[in-house]
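In the two complexes below, chain A is the common chain; its partner is chain B in one and chain C in the other.
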Partner chain A sequence: MSLTVILFYVMAALTLVSALFVASTGNLVRSVFMFFVTLFGLAGLYVFALADFVAITQIVIYVGGILVLILFAFMLSNKETLGRLQEKGQAFIGFNNLPSAILALLFFGVLVSMIFKVMPDQLEWIANSVANGNTFKATDTTTNNLGINLMTRYLLPFEAVSILLMMVLVGAAHLSRKESGA
Partner chain B sequence: MISLTHFLITSAALFSIGLYMVVAKKNAIQVLIGIELILNAAILNLVAFGRYDKLNNNGQTFALFAIVLAAATTAVALAIILNVYRKYKTIEPDSINQLKD
Partner chain C sequence: MDSYLLYFAVALGLFAFAAGFTLFAVYAERKVSALMQDRLGPMEVGKYGTLQTIADILKLLHKELITPAAADKWLFVAAPVIIFVAVYVGFAALPWGPGLIPTRLDLGLYYLLGIISIETLGILMAGWGSNNKYSILGAMRSAAQIISYEIPAGFALISAVMIAQSLDMQTIAYQQGILSSEPTKFLGFWDVSTIGGLLSWNIFRAPHLIIAFGIYFIAGLAESNRAPFDIPEAESELVAGFHTEYTGLRFAFVFLAEYSMMFLVSMVAVVVFLGGWNTPLPNIGPVKLADWTTNWAWGILWTLSKALLLIFVQMWIRWTLPRFRVDQLMNLCWKVLTPLAFACMVISGLWRVFVM
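Right after this comes the complex of A and B.
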């Protein structure tokens, strides 16, 4: 077992354990801060999939943007929700959450059995791309080609996303504005 | 080189945890975090398959788009949550039970 695989397991375990903690803890603040760890672990996993630029984007947008936004909303909104969450003193998975836990476990079983049936490493197009040398190597520079593709081949979705982002900016500002009338 | 199965199983586990959070949690912000987990599982799949497309960067490009869309979703959802809190003084999804005031 090479060092890469061991590091991958460490990173995956970090991600999954912190995600489990996020899901199981009763304390909302702790769950939000543990979500940081999950996102960093995911960025590490992206690096193992040889997608450096996506990993950095994940850190910048998710950790820098989304989590700060979540923290803001949470501090602006709920003082008494927080109190109620804490006084419940939940067990790891209480009786009320049993059906959802069963649902999630069954869904996980379905997904895993599907993955083992499909055998993704033996798919035809993947075998083709390995044969043609169309796969990333660990020593490749991945970002240059991504930038060129983003500006040529994927220009239309890029522009569509930028327009959507502007609409979202206006919409979110409009929604969260203090209403004087109406 | 880590096999694709490893990535897919990790992402399946993340998806299930997110599904559990969406169904079980009694707080809109935690439901939102669950949705983020599900989106991240999908992005992990895109990136893992994108390793086999060096020429066109399909997987990585759409992973980037998915990250941007997730950011947009979160911004609007949090604005809606703030509005709901202003009206109902709670963000528990079960207690929000009317469409008009």
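Right after this comes the complex of A and C.
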């Protein structure tokens, strides 16, 4: 077993365990910080998929932006609201949890059956790409490829997303503006 | 197996460097502040007080680790480690000389930006975990400040990256000297590929990068919570801000992170704008100053001296300027630095297309 394989399993275990903790703990603030560990483990898994740009983007956006925003929301809300949110039922599997438990189990079943049906090791297009040499090596630079594709093939979605973000910015500025007495 | 041992040795070496640098920098800070205020500074321990910070760290190591009764123990204990590790892993991507870089990443600069944003999380963790109103106020100020200043800092770096066309720190460094594989032009018209020196640094390859460098330096001060942007730990208002409750070794870690962050920010500025490990001396006719002073040993000397010079300027600013108010700080960031950084980015695009 090489070091990379060991690292892969360590990352995967870290992601799963921390995600379980995030979902099960009653302490909301701790679960947010644990979510950071989950995202970090996921970023590691992205690196194993040779998507290092996605990995770093995930850390910049989720850790630097979204997690900090969630924490701001916590710190600005009052303690009673937080306390009510943190109240938990006693039983691990109670009547209130039944719908979500069923949903989770069903979704898990769907995922497992899909993995077994697709058989990712024997996909035809992957075999074709390997045969044609249309693959990435770990040492290749992916950034140039990403940039060129974003500016040519995916220009319309890219622009649509930027317009959406612009609308969000305008909306946020409007909401946070003080009402003037005009 | 040997290569793994080498990895560990490099990591340990970087940690030893960060710790040693912090000891040295704290002493330097006290001496610089003394110089600015016409005092002597530490004089008692060792000749000219040189052993003062060693004595300080010995004292810190002996102190009891106090955890406040109402604190969230996990967060409180983990926070200083996260704050320090976030800065420390950034050291992995910094080039020290030609062919001398711990890890040569394609996305080195982007990686550093990502790493710096993790520190915010550690600071928020410390503030919340301490369960103390001063700590949480300091943490919130710090987070607001770092997030805001990441924007001008990021755009200033992007305008340099647009000129360099690479996110690899080592490639960016290679381009700014005589080892460059492509022609380097001073101000876009004079080919200085064989002359090198000061003339081929990024700030002189495209003059608007001088402004970008200024923006990045100011934003770097804010990101490492240094005066005049030290409202997160404003002593006169918040006791000590987010690290009020920390004692002993944990406090030492927070300190280590602050000084390592100063070094990291200065190193990024040096590599991206000031030629990295390239010599400032140009070749003048038969006097091949640049050729003589470019190899890995000189590289380390040049990087260190440039970074230490920037750190000296940071200390100089700290002991000269008073602290900003929160609204002044945000005004400076959003109304001055961000539009300027955007302008730099636009000029970079035009420069790349029409001049280079």
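Throughout what follows, the second predicted complex is superposed on the first by the 153 of 182 C-alpha atoms of A that agree within 3 Å, B and C clash if a C-alpha of one lies under 4 Å from a C-alpha of the other, contacts with A are read in each partner's own complex, and residues count from 1 in each chain.
The criterion applied here is as follows: a residue touches a chain if its C-beta (ideal position, glycine included) is under 8 Å from a C-beta of that chain, and two chains touch if they have at least 3 such contacts.
The shown structure was predicted, so the numbers you read here are calculated from the model rather than taken from an experiment.
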Can A:L175 be said to touch chain B (first), chain C (second), both, or neither? first
Answer with first, second, both or neither: which of chain B and chain C does A:F36 touch in the superposed model? second
Chain B versus chain C as contact partner of A:L150, first or second or both or neither: first
Could you say whether A:L16 touches chain B, chain C, both of them, or neither, answering first, second, both or neither? first
Return first, second, both or neither, reflecting whether A:I70 touches chain B, chain C, both chains, or no partner chain. first
Dominant toucher of chain A (residue count), chain B or chain C: B
For A:L45, decide between first (touching chain B), second (touching chain C), both and neither. first
Name the contact category of A:S100: first (chain B only), second (chain C only), both, or neither. first
Using the superposition on chain A described above, determine whether A:E124 touches chain B (first), chain C (second), both, or neither. neither
In the superposed arrangement, does A:L165 touch chain B (first), chain C (second), both or neither? first
Of all the chain A residues, which ones make contact with chain B and with chain C? 53, 57, 65, 72, 74, 142
Provide the residue numbers of chain A that touch chain C in the complex, in ascending order. 3, 27, 29-30, 33, 36, 52-53, 56-57, 59-60, 63-65, 67-68, 71-72, 74-75, 141-143
Once bound in the complex, which stretches of chain C touch chain A? 4, 72, 74-75, 78, 105-107, 110-111, 113-115, 117-118, 120-121, 124-125, 128, 136, 140, 143, 147, 150, 167
In the complex of these two chains, what residues of chain A are touching chain B? 4-5, 8, 12, 15-16, 19-20, 22-23, 28, 31-32, 35, 38-39, 42, 45-46, 48-51, 53-54, 57-58, 61-62, 65-66, 69-70, 72-74, 76-78, 80-81, 85, 96-97, 99-101, 103-105, 107-108, 111-112, 115-116, 119-121, 125-126, 129-130, 134-136, 140, 142, 145-146, 149-150, 153-154, 157, 161, 164-165, 168-169, 171-172, 175-176
Touch list for chain B against partner chain A, complex: 1-10, 12-21, 23-24, 26-27, 29-30, 32-34, 36-37, 40, 43-44, 47-48, 50-57, 59-61, 63-65, 67-72, 74-76, 78-83, 85, 90-92
